[in-house]
Every structure is written in C-alpha cells, then in structure tokens.
Amino acid sequence: MSSFLRSLWTAARRDKAAMLGGVIITMFIMLAVFGPLIAHLNPTPSGANAYRGPSIRDPLGTDALGQNVLAEIVLGTRPVMEIGLLAALLTVSVGVVIGLVTGYVGGVLDSVVMRITDVFLTIPGLPLIIVIASLVQSSNPLVLALILSVTAWAGLARAVRSQALSLRSSDFLEAARLQGLPLHDVVIRQLLPNVGPYVAIHFLLDVTGAIYAEVGLFLLGIAPVSGTNWGEMINVAMSQGALFTTRSMYSLLAPMAAIVILQVAFVFFARALDVVFNPRLQSQ
Amino acid sequence: MPRPGLWTSIRSGTTPPRLAAATSHVRTRNTLRLGRRHAVAVVAAILLAGGALTGTSAYAASRRSHGHAAHATTFTFGRQGSLLTRSFNPYNPNWVNFLSNTAMMQLAFQRPFDLLGYYPELASSITISGSMATGRHITVTLQRDQWTNGKPLTSADVFDSFLIEGAGGGNTIWIDLKNVTTPNAHEIVFTLLPGILADQVMPSIDTIIPVPASQYAHLLPASLKAELLADYRIYRKSPTNASSSTVGKAVAAVDKAVVAFSPARLISDGPYELHAINTSEILMSKWRGFWDASAFTIPTLKFTVLGSNNAVYPAMLSGAFDETLVGMPKLIVGQAEHTPHLTLFKNGDGTTVKGLFFNLRQYPFNMRGVRQAIAELINRQALVNDVWGQFRSGAGGAQVIKYPSPISPTIQAAYLTSTQVDRLNPYNYDPTAARKTLEGLGFKDSSGGWVMPNGKPFDVTIMAPSGWSGPDLASTYLGTLFNGIGIHAQVVEPQYEQFYSDLTGGNFDMIYFWTSCCEITNPLSELTLPLSDYNYSSPSEPGLGIGPVTTIPGIGRVNVSNAITREAAAVPIATKRFDKLVYDWVRWFNSALPVYDIGFQTAFSVYDTSRFTDWPPKGSPIFETQTQGSQGQEILAMQEGYIHAR
Amino acid sequence: MTLLEVDNVSHWYGTKAQRPVLDHVNLSLGTGETVALVGESGCGKSTLGRLVAGLTTSTLGTIRHDGREVARLSRAEHKIWRRSVQLIHQDPFGALNPGVRIGSTLGTALRYHKLVDRAHLEQELLGLLGQVGLEATRDFLHRYPHELSGGQRQRVCIARAVSLRPKLVVADEVTSMLDVSMRVSVLDLLRSFQVQRSIAFLFISHDLGVVRYFAAGGRVVVMFYGVIVEEGPTEEVIFHPRHPYTALLLESIPIPDPTLARREHGSVDTVPDAGPSPQGCVFSNRCRFAVDRCRTTTPKLEDDGHGHRAACFFIERVVRETTTSAVTDRAPDLDSGATCDPSTAGTQA
Amino acid sequence: MTRYIIRRLASALAVVYVVISISFFMIRLMPGNPMVALEEQLQLEGGLTMQEIQAKVSAIYALQPHAPLWQQYFTYVAHAFQGNLGQSVSDPGTSVVHIIAGALPWTIFAVSLSLLLSFALGVGIGSFMAAFQEHRSAKIVTLIVSFLGAVPNYLVAILLLYFLADLHHVFPLGGAYSASTTPGLNLPFLSSACVHAALPVAAYVITSFGGWALTMKGSATSVLGAEYVRAAQAWGLGRRRVTQSYVGRNAMLPMVTSLALSLGFMFGGSVFIETYFTYPGIGYYLIQSVTNRDYSLMMGCFLLITVAVVVSNMLVDLLYPLIDPRIQGPGKVQRVKVQSAAKDSGTLPQSGGLS
C-alpha cells in the first residue's frame, strides 16, 4: 500500500491538476462529514436579507430567503456525495462481483450472465433512471443510489470479466485452485487485487456519472427532494429567476460551480491514478 | 382618445386619425435614433464580451441593441406551456388555449364586478326580459359574421356549442335552465327556471365559445337537448342519481365523443386565424371575415410557448415579447419593475390565495389545537413580504388575509359585515401563545426538539409542487422556520401530478398551495376548490380529510363536499340565504383551520412598450374582464383601439 | 502401497479425430518415490502432470490416488486429496499473484484447510520461509512478488506447494526458468523435502542432466508424443538406454569437450526432426533403426526383468550401438559444473 | 455472412424483447400501479361502464388489465412487436407511436449532427495533442479538454440558453423550427431548423468533444509507439505519409467503432438538453410524459430510445467488417473480440457508466 501511495504521490506531483483534484475531493469529503457541524441555516428566514451580493459575512451572497449560499453549499455536499459515492460503490461492487465470477467460472453461468449484461449495456442508462425514479418517487439515498446504478454496473462487469478471463488461465490462479481454495476466496483474494486499479479508476468516474445523473434528477424535479441539495438549489434559484440579476446570480452560479468543481476534480484525480496504474503513460 | 366602455362609438368608424398621426411620429423618431443605436450596440457588444455576467446592466444594453427600427407587424405573446400535444377542439383537454379569444371568440367579455355588464363580442347584444317569478328570458343576438370556411355564424353554431357545454358539465347554467331555443338564424333564447337570477347565469353565457356546427353537429344527436334538460332535472335533486340515469349516460356518451374529437383543421371565427403552429410557436394572421376586422391594426400575432417559467423571464426582460403572462417570483417582478420598457399590470384572472393545508386525518394535525398553534407560529406578514413581496405596481401585489379563510379579502369584504368579520380569529403571530397551546396538548419541548404526546418526535413533511416558484420558496421558508422552532421539518417537492395525487389521496402532512383562482364573483365557488376538489372526491381520495360528513355550526351535519358543490351551483347570489351560508362556512373554516391562508397575490401581465405602445391605462376594467384565454384582455384592448405599433 | 496410479489414460485436446496428447499412458508412483518424466516439448509430459495434479480431467482412463479413483472422491475426501497433490509451476513469475503479498499467498490455504490456527499462522509461515531458505522475517511476508528475485519466487512457490503437507508434488520444469546458479540449490531443496517428508515427486523435465541429478535412485519415464517409450531406474535409463529415442536425447546433449564433440558430430546430425508416425511405432519417422515392420506394428513396452522397460523391436541393437558411444562421457553431471544448458554449453565450447 | 446477419438480428431482437418485458413489468408491478389508478379515475369521472373503462385502459396500455398476468404480458409483447405501444394518456386518442414518430426525426437530426461535429472536433484536437505531446500548448489543450468533458451538459445548456438566446437574441428561445416556415425540403425551413438546433448541438458538442479528443490522443499515441510505425519511419517514409496512412488509419479504427456505439448513448443524453431547449425530440417527450404521468408515452419513449441504441449498435457490427480490413470474414469469433477489446480497453474510460 505504501508503495502505491508513494507512486500516487509521485504522479500527483508531476500532474498538478491531479494533485488539485485530490485536494478538492478530500476537501469535499471533509465538508460532507463535518459540514453540518460548521454550517447552519438561519432558523428564521428573512426576505430582508435576500440576494445580498458577496460579502465577508456571506462570501457567496444570500439566496431568496436570505440564507447564506456558502452554508447551503456546505450542507448540500453531504447528500450529493452520499448518493454519488453510494451509487458508485453499488455499481462497482455489482460490476466487479459479476465480472470476476463470470470471467473466472465461465461456462453456462458466464454466457447467461453475459447475455443479461449485454442487455443492460445496451439500455441507455439515463432514460431508464428517469423512468424508474419517476415511478419510485423516493428521496431515500440508498434507493436513489440503487436507481442510479441500475445499468452502470454492466460496462464494468464486462471489462472486469475480460480481465478475469485472461487471468483465469494464469499460473497463480492454477496454484490457488491446486490449493483447493473455494470460489469466494479465489475471487476476493486472488482476482480482485489484480483488477483493483481499473476498478479504482472506474469508481471515481462512476461517482461523477452518478452525481451528473443525480443532480439532473433533482434539477428537473423528477426525484423528490428533502433538505439542502445542490440540484435543488439550482432548481429553486432557477424558478426564482436568480440568474437574471447581478445580486442574485450567485445563488445559482455557486451550486453550479460546486458541481463542476467536484466533477472536474474527480476526473483529474482519476488521471493521476491512471498514470500510476499504467506505466506506459508514466513513461510518456 | 379611446374610452373603455363606450364600445360601439369606437368601433363604428375606421382607425381614429390620432392613431395614424402617432404612428408616423414614432417612425420618424426611430429613424433619427438609428445611428446612435448602432453606436450603442457596438459599445454594448464590447462591454458584454468583458462583463457578460453582469445581468442587470446587460439587459439594458441588449435591449438597445435589439431595438426594432422597423414598424412592428407582429405582436408576440410570451407564454409558459407545452404545445407537444394539441387539439383544435376546445373541448379536448389538449385544446390550444392560445386560440381562445384570438381565433375563437366568446359571445361576450364579462365586465368586472358587474354581473350584467359585458363587452359584446360574437354576440351583438344580450337582452333580458320576463320576470323572475315565471322565469327570465335571455336573448342573445349574433353579429353578422363569417367562419373561416366561408359559412356564416348562425344561432345553430351557438346552440350546438351550448349543448356540448351542457353535456361536458362545464357550464353550470343548465342547472338553472328551463329551455333553450333558436327562433331565427341570429338569435338564441335561454329561458331560466322561475326564481333564478339573470345575474347568476350571465357569466356562463358570456364565456361560451361557439364552435362551427359544420364540424360538430354530427356528434350531437337530435334528442340531446331533451336529454340534457331531463338530466339536469334529476341532477337538481341528486347529483349522484343524475350520472347513473339513462339520460345521464346518453349525455356522457356524447361528451365522450366530443372530447375525443380531433378536427384536422381549425375552422374559426375571430379577429385572427391560425397560420402555422409547431411545438413552440403559433403564428396567427388577421381574419378579414371577422365582423370587427377593421378594428385590428396588427396584421400578425405570435405566441412563443416555452417549457418553463425560467425560460420566459429572461426573454421577457430582454424584450423578446410584447406581452408576457407567467407566474413571477418576487425577484422577477422587481426586475421587471426596474426595466424601463416594461410595465406591470395586475391580471384579473390571477387572483390566488396561498395557504398551508393540513391533512386532518394525520396525527397530530387531527387536533384542532395543533393547527391553531401552528397558525400562531407563522409570521404571515413576514412570509408574504419575503416570498411574494410588496410591489410598487399600484394595481397588484400580495397582502396578508387578516382573518384566515380560503376566500379572498375582496370577497370577504363584500359578503361579510364588519361585525361578522370581528367575530373571526385573526391568529396573530404569537409564538408564546402557540407554545402554551402545544404544551397544553401534551407536547414537550425537549433538547432534541418537540416531542408529541405519543412520545414520538414532532416531525412534519411539507409538500409543495416542484417548479412553482411561490410554493417552492414558501415551503422552504416554512421548513426552515419549523426547524428553527424545534419541529423537524422536511420539504418534499414532487412533480405537480404526483403532488396533486398525493394531495387528493390524503397522502401528506402539510401542503403549501393555493385555494382559489379566477373566481371573483361567487365566494361559495371559491370554497369548492379546497372542500370538494381537494377533499373527498371519492372514498379512495380523502384529500384534506374533512368529513366526509361533518357538523358545520349554523349549517348542520352535512356531506361537506356534496353540500358545498350543490350550494355553489344552486343558491342565488345576493340572497339572505347565500350571505348566511358564506358566513357560516367562513366562520367554520376560520375556527377549524383546515387551511391557513397566508396571503394572496395577483398575477401580472407584463407589457413591453418598445415596439407597441398606447396600452390601456392601469386600473382599466379591460384587465378585469373574464375571458377564456389569457390573451383575451389584450385582444379586447386592441379592439377598443389600444395597442399600436410604434 | 502405490500412491498414484495412472491407468490407461488417454487425453485429447479438441476433437478425438486428432492424435491424442496422451495415448494409453500407464504410470505409478510409490510414497516418497521420485519419477522423472522426460521428453521433448509438446510430448504431453506437462499434460500428464496437470492430469495428475487434477488441473484437467482425462478423456479416458482413470487416475487413482491411494487406491481410490480421484474422479469419484466424496466431497470431504476430495478436499483432503486436493491438498495432498500439489504442482510447482515452471514460471515463478507467473505463478505468484502480483497483487497478493507473500504472507497471504502462503497463508490463505493453510487457514482454509485448518492446518494452523490464526494465532500460530505467522509462526508457521516464518518456519516455512526458513525451511525453503528464505529470509524468515515479517517484512518478507509483507512483500509483493515483484519485489523478489526469480530464485526467491521459486522458493516461495515451493513453500506454497509443501505447506499443505502433500504426499505428491508435480514439479513441472521447475528449474528451467532459473539462473544456472540457482538450479542446484532449488533442486537440493526439493530433494530435502522428499527425504524429510517422504514426498513423492513427479519431476517433469526436458533436461536429462537435471533429471539425472534429481531423480538419482528413482525412475525415469521417457515420453514421445503422448506415448511412453521407455521407463526404468534413473541410472539404467541414462547409462543404458534401450529405446532409440532415449539414446537420441542423450546424444543430443552438447558435449563440453570440443574434441569429443567433433568426433561425434556426424551421428547426431543425421536424425531428421520429424513428427510422430500415425501408425506403428510412434517414433518410426525419426528412428535410424526403423524398418517396415516399425511402421505397421506398434511395439509393446517390454520389461528386461529389472523394471527397465522399452517399447522397441530392436532393443538389442540400440543397446549395442549406443554403448559404443561415449554416453558416460556425455552424461551430464551437474556437480562438475559442466551443465546441460545449451546456451552456456555453447559459449564454453 | 447471411448467417451472421441473422444471428446479429436475433440478438438485437432479444434485447428489444427484454426491454419490452422490463417496461411491461414496470407499468404492471410498480407501486401505485398506473393502470389501476387510471381505472379508478375513469370510474370517478363517471359516464362509462366497467367494460368501456377496461377497453379504454386496455387501449391506452396496449394490454388487457384483468387477464392473468402471463396473458397480459404476451398481449403487451405481441402488441409492442407489432408497433402498438398503446395510446397517450395525456393526449387522448393519439397513439404513442404517432407521437414518437413526430419526435424521433428531431432527435436523430440533433444527435447525429452533434455527434459528427464533436467527433470531428475531437479527432482534430486529439491528433494535435498526440502529435505535439511535449509541447506546452498541447498540455494546456489537454487540460481544457478534460475540464470541458467533466462539466455536466445541462449546466452548459442553461448558460448557453441564457447568454445566446435569452440575453442576446442570437438564437431562438426554443423549438425545432420557426412556425413561419413550411416543413419540407425548402431553404427557409432547413436553415430555420439548423438555427434552432444550433444551441442544443453546441451544448452537446462542448461537453462531449473532450472525450473524443482524449480517446483520439490515446489511440494515436499508442499507434505512434507501435512497431510498424517505427518501421515505416525507419524506411525513411515521409513524416506526412506516415502520419496519414499509418497513424491516421490505425488510430481512427477504434474511434469509428465507438463513434457508432455512442450514437445510441447520445439518445439517452438528449433528455436534459432537449428539455432545457424545449427541443421537441424524444428526450423532451420523455420528460413531459414523466411530468404528466403519461406512463404509456413514457414507456414508449424509453422503448424507442432503446431501440435506437440497439439498431445503431447492430449497424456498427454489420458495417464494421467494411471499415476494418483486419476483419475479413464477418461472423468470425475474432471480430467480436476486436470489438469487445475496444469496449473493454483497460485504459482510462472516458466517462462513468452513467453519462
């Protein structure tokens, strides 16, 4: 692990953007964890404070109800990150398990599961997510995460399967079989460490995909919202016409910027991981 | 000078000389300013490239750069809506509403606060004869007019339309009707039942939009009139028996056929005819066969229909529309007020009362004390100020209803005496009293927030439809407020359809929405919205959860939903019985508080004066007329000699 | 009692229309015995090894372990059998999972088979490292394969194989990928396990020098295209080959002495490098003794009465004509330092 | 070849079949069953007998509401394969297929235009980045390109709409063409359609060309390092010749594969953009039907989007042998491998599985 961190550090030092991405992600994770401790909404909203431009008290101005936009961004980090990470985690776990097991076991199981995977791979994810979300109407993070990962796992499963397939005939897996290790042991202890890098990068990009779809759902009001959420902030700011005056546009641009910054951070950080795991790129 | 109300004198001549002079004057002025405009445009473009994000100033700049030097020939309406599914049949749910009062005209425009007053339209006159004791006769005489297929407008067209209205149940006049006849091609006579006031049925007659018999007659059996009269005879005794009767079913079958009818092309009779339509635009050109075609000086109308309000706002602010009618949040109203070329008018159609509804079947809101306590926890004045704002525009604005009830303040003032009003509870903002009330009911304020008498934390969910700027903001406001007090609140904003089904299904704690709309004459009609539409439309849809059978002091034990619907339809206005009913309902509402009215607000029409000028003055009765389409007032104004291209 | 019996096993890859990879192979192995399987690459010796280790199942025939048919073992018996037969791969680089630490590679199966409890696992692993001549430290257990040298890796592989206390180890060309300097020590290590734990070895190699060293006192089985052509005690087969193929293999070992090499040159080179014969003796296409009979009739393995068997009609001629050749001179001897590695031999020559 | 086409066709049909099944079970088994809700609503409205109500529900959802589940299922599937997806709830009397048929051309127009533009732009910029890897400008371009690729397209849509349509009336506010033109093959209509598509297309292109550029860069870089290119350089072939015939062709092959594959996925991505630009394509109808709880239309849109994806994937598979000379006989196992290798290529995926 330490060697991994060391090479990650080296890669990040070579790629400033990736380093910045890592720092930003860490920052947002901290905000998601500790945000509710440091940021609070004004319990008695007041229109008298509405749409104040940026100031020392309100670095990003205030929204339609005089709430500090920065505080809302901070409080909105948790639900966004929660759902994004949860969805990516589900995507990756399902994708990896299915990919490894089918790739390793092969045979009828493989062909059956891969036909199913192909179907999910073909179904366009976003429309399906919208359809399910509109039918289910839940704001539970776990349910949303499940909906968001409904098709995303398929691509990963296929990629992991092809890797597992190439590992299957390797000597070290033969050695594991010789030792009589059970399937789950082989999959978890032998196969998983080898697809780890690919999975890690996929995980980061799945987070961005999940956040994209999640915010979109809230933005269009397809999923019901509770509490402060970036998508909801944009939704409210848009319906309040916040874009159209200089004083109020921060309440719209700030959550938009937060989403963009987080997305870009994930993509850039994924690049550093890619460099670490792909020596071919490192040498370039 | 055009004088609203002196209808015939204005329309008899051709274009007033004043207009021609004004137009040419404007044209010269524009030419003179052209050079300067170009210079400004260049500077503006440079400024914009640098500081494109500065919204307010950007509008002013873009405004100038998009000024129209040429004489404007197209009047553009900005609207929110959808033209994805559309029908040219006014009785189809997908009827293109923008064709009402542009291509399809109603018989007359109802004058505001004057039940017998009207601006004649397809009807040249409406006269009342006979006595109330034996039943009044209302005679509608039609204009000499032509459909776009060349056929003349006759009483047969109106008669058929009237049958359709009756079959669809949309027109309440049939309840009060004894007969309807067409003595000749230009006249149609409505005979009312004895004891029915003409005042009450006039709005129903005025707003009928005739459809061409050439398209609709084949859908209507010859026996329909007799069936309708029989059906409504049964209905007067029992609404439920009516729908299950043989005639009731026959009538419903006709309605089904009419609703499903989807004509391939529109045969219309209005000042404009449909020229082209797609999913976002409607183009209309002047129809020369319209009886008053000469009154209309603008050759083309255009509707730009955008998917969401927030697409309409910037376009409106930057001068893309000549007239805009959308729900506007405070910020946009303020922005529009500060935009030089825009003028805000109160729109008579848009008076709404906003309120917080409770689900009376949901613990702990089934306790009246809880509802009353929450009323005192909300500073309604502050909420109205913060959410709806107080606007400078004289005619409009939001204000707090002093004595909460689902009836708008103007109507409260008109129908209740001051002694009656004084007996109502104002529910002033008083958190201390609210606390006491809650504690008296067994609620406890612990460190982790309020705990209900049953030992569970006091959690509430406030539901509002997503994308509606007012309810959106107000529910967020209330959620924050409750959380601050220690009542854990969650704001859920589902899509409107989901919201509505949850509302009628009684699947909610609290809802922020409005209680009435568009009804400015009959207070009991306003009550039908919360009491029958939002409440017990069927056993599976308990809605607000009032009843179904409840004892109302002064009225007795009634099925709330049925009683209010029947009374609104059948009890004549301006009778003692009517006034007493209004008071009893309002008093009960006020004390039981199934709904807290928080404020009311009017909708605004926004006029752009950069291409078209000479709008009717603020406060003109034109803006209070009842019309079938949101553009009726503008059409009326044009017809009255207002609104001209610069 | 016989530990392993390979009974009449035939195996095909793909369709049966083609030549079998293994053709009616019989083999048996006693407890603690070493059998070396020799033949050129592609002769099916690795396939036989994999069959014995249970990595593939044979198309025909049976394999018995401790007298019980492997294919018909019960679940519990299968688990015991599984750990009692191990295989060491040829390539120490591919045989260790690059993503798994040494400690985990060695420990997982030990825990799974409950050969050691959690508390004693590390102690056991360190002991194991010591036994295979590796640095017995905790740090070593935390290393990844890419941090080790080839020799170290092969020792880890050996440790993994012997950790489950097997009765039989299939060693598939274990030294071919190692530096010459490593070979002897690795072979010695394996021998020490054979002696101490009386583990039987099926030692697969194409290198007669290594075979002579490792299988000293054991037996050698020579295969040609899926057919066992000669079988016997190691020294007997190497010094007195009875099959022309064995003789050929021995002759093709490079001779360190250039004078000798020049003298022998002609006879080595005359053998055409032909494939197996579809009929008759499998070796007949390449055999310098072959006559018509060889191409029609298949010779049986004939025992000389001392366990040395060969499948040839001309055993006598082979024995006669090859003894004249200086097999003894040529016979590889690892101790002498003159090795059988062609490349090294070539440079020395 | 024929056998291969038949097999490919069969597998495409299988996917469509599965999606039809999914959509059936979603309508039928989701909480708050829309069919039951519609029935109740029609009962409340009155005037219809139970038979009539059932007939209406049956027409709308293209199945028989009270038949056994398996029978409903087979009816639904059979109807769907006959092109009967029921009727719209919000637009009574109009078939879902009719509505979609009106919407589909617009989506195809906007999506294919965007795809081609972003592909061309991406390939150009990607080749530039690969050719001048060490150059500072290429590094900056890479950074910008990865940044744009990470920005959600709906945010770009909001800003474009605001600046270029709302604020400065450079482009129309929404819709697919001006009502003053007559649809058909005439210049005013075509140019109006192009002007209306400009902003949606721009929103697509801005957020997706970066992905193409990075893929192209990766592809070109690996080809540049390949043996045959070095060999060609060693033979003294001109730089231009090497770049064009060796690098260009071989780097483009995997790009072309993903080009066609992503056509389908852009259909999915059309949802947000079409909604923001009020562009009457299939994505807009999907959101509208979701908002109106028009389940039959919603499922129709979803199905049609999926069919579009399946068809484009199938076309790629059928046309691929024509593009790639390495694959001689179609239907060889080898072909599948090449394609799945392109799909599964272990390097950095351009986006998460969702976008």
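Note that the chains are named A, B, C and D in the order they appear, and that numbering of residues resets to 1 at the start of each chain.
Quick note on the criterion: a residue touches a chain if its C-beta (ideal position, glycine included) is under 8 Å from a C-beta of that chain, and two chains touch if they have at least 3 such contacts.
All values derive from a computational prediction rather than experimental measurement.
Enquirer: A-D versus A-C: which has more C-beta pairs touching?
Expert: Counting C-beta pairs in contact for A-C and A-D gives the edge to A-D.
Enquirer: How many angstrom lie between the CA centroids of chain A and chain C, rounded to a whole number?
Expert: Inter-chain centre distance comes to 52 Å.
Enquirer: If you average the Cα atoms of chain A and of chain D to get two centres, how far apart are those centres in Å?
Expert: Whole-Å distance between the two chain centres: 22.
Enquirer: In whole angstrom, how far does the Cα centroid of chain C sit from the Cα centroid of chain D?
Expert: 58
Enquirer: In whole angstrom, how far does the Cα centroid of chain B sit from the Cα centroid of chain C?
Expert: 94
Enquirer: Would you give the residues of chain A that are in contact with at least 2 other chains, written as numbers and ranges?
Expert: 134, 137, 222, 238, 243
Enquirer: I need the residues of chain B touching at least two other chains; which ones are they?
Expert: 59, 314, 495, 498
Enquirer: Which chain D residues reach two or more other chains?
Expert: 162, 275, 290
Enquirer: Got a list of which chains touch which?
Expert: A-B, A-C, A-D, B-D
Enquirer: In their shared complex, at which residues does chain A touch chain C?
Expert: Going through chain A, the ones touching chain C are 3, 170-182, 185, 189-190, 192-194, 196.
Enquirer: Show which residues of chain B lie in contact with chain A when the two form their complex.
Expert: Within the complex, chain B contacts chain A at residues 53-57, 59, 308-310, 313-314, 317, 328-332, 335, 382, 385-387, 389, 461, 466-469, 472-473, 476-477, 480-481, 483-485, 490-495, 498.
Enquirer: Mind pulling up the chain C residues that touch chain A in the complex?
Expert: Within the complex, chain C touches chain A at residues 53-55, 79, 82-83, 85-87, 89, 91, 94-100, 104, 108-109, 112-113, 144, 157, 160-161, 164.
Enquirer: Could you pull out which chain A residues touch chain D in their complex?
Expert: 17, 88, 91, 95, 115, 118-119, 122-132, 134-137, 148, 151-156, 158-159, 162-163, 198, 201-202, 205-210, 212-213, 215-216, 219-220, 222, 238, 243, 256, 259-260, 263-264, 266-268, 270-271, 274, 278, 280-281, 284
Enquirer: In the complex formed with chain D, which residues of chain B make contact?
Expert: Contact set of chain B toward chain D: 48, 52, 58-59, 62, 65-66, 82, 84-85, 87, 92-94, 243, 248-249, 251-253, 255-256, 259-260, 262, 275-283, 302, 304, 306-307, 311, 314-315, 318, 320, 495-498, 501, 537-538, 540-541.
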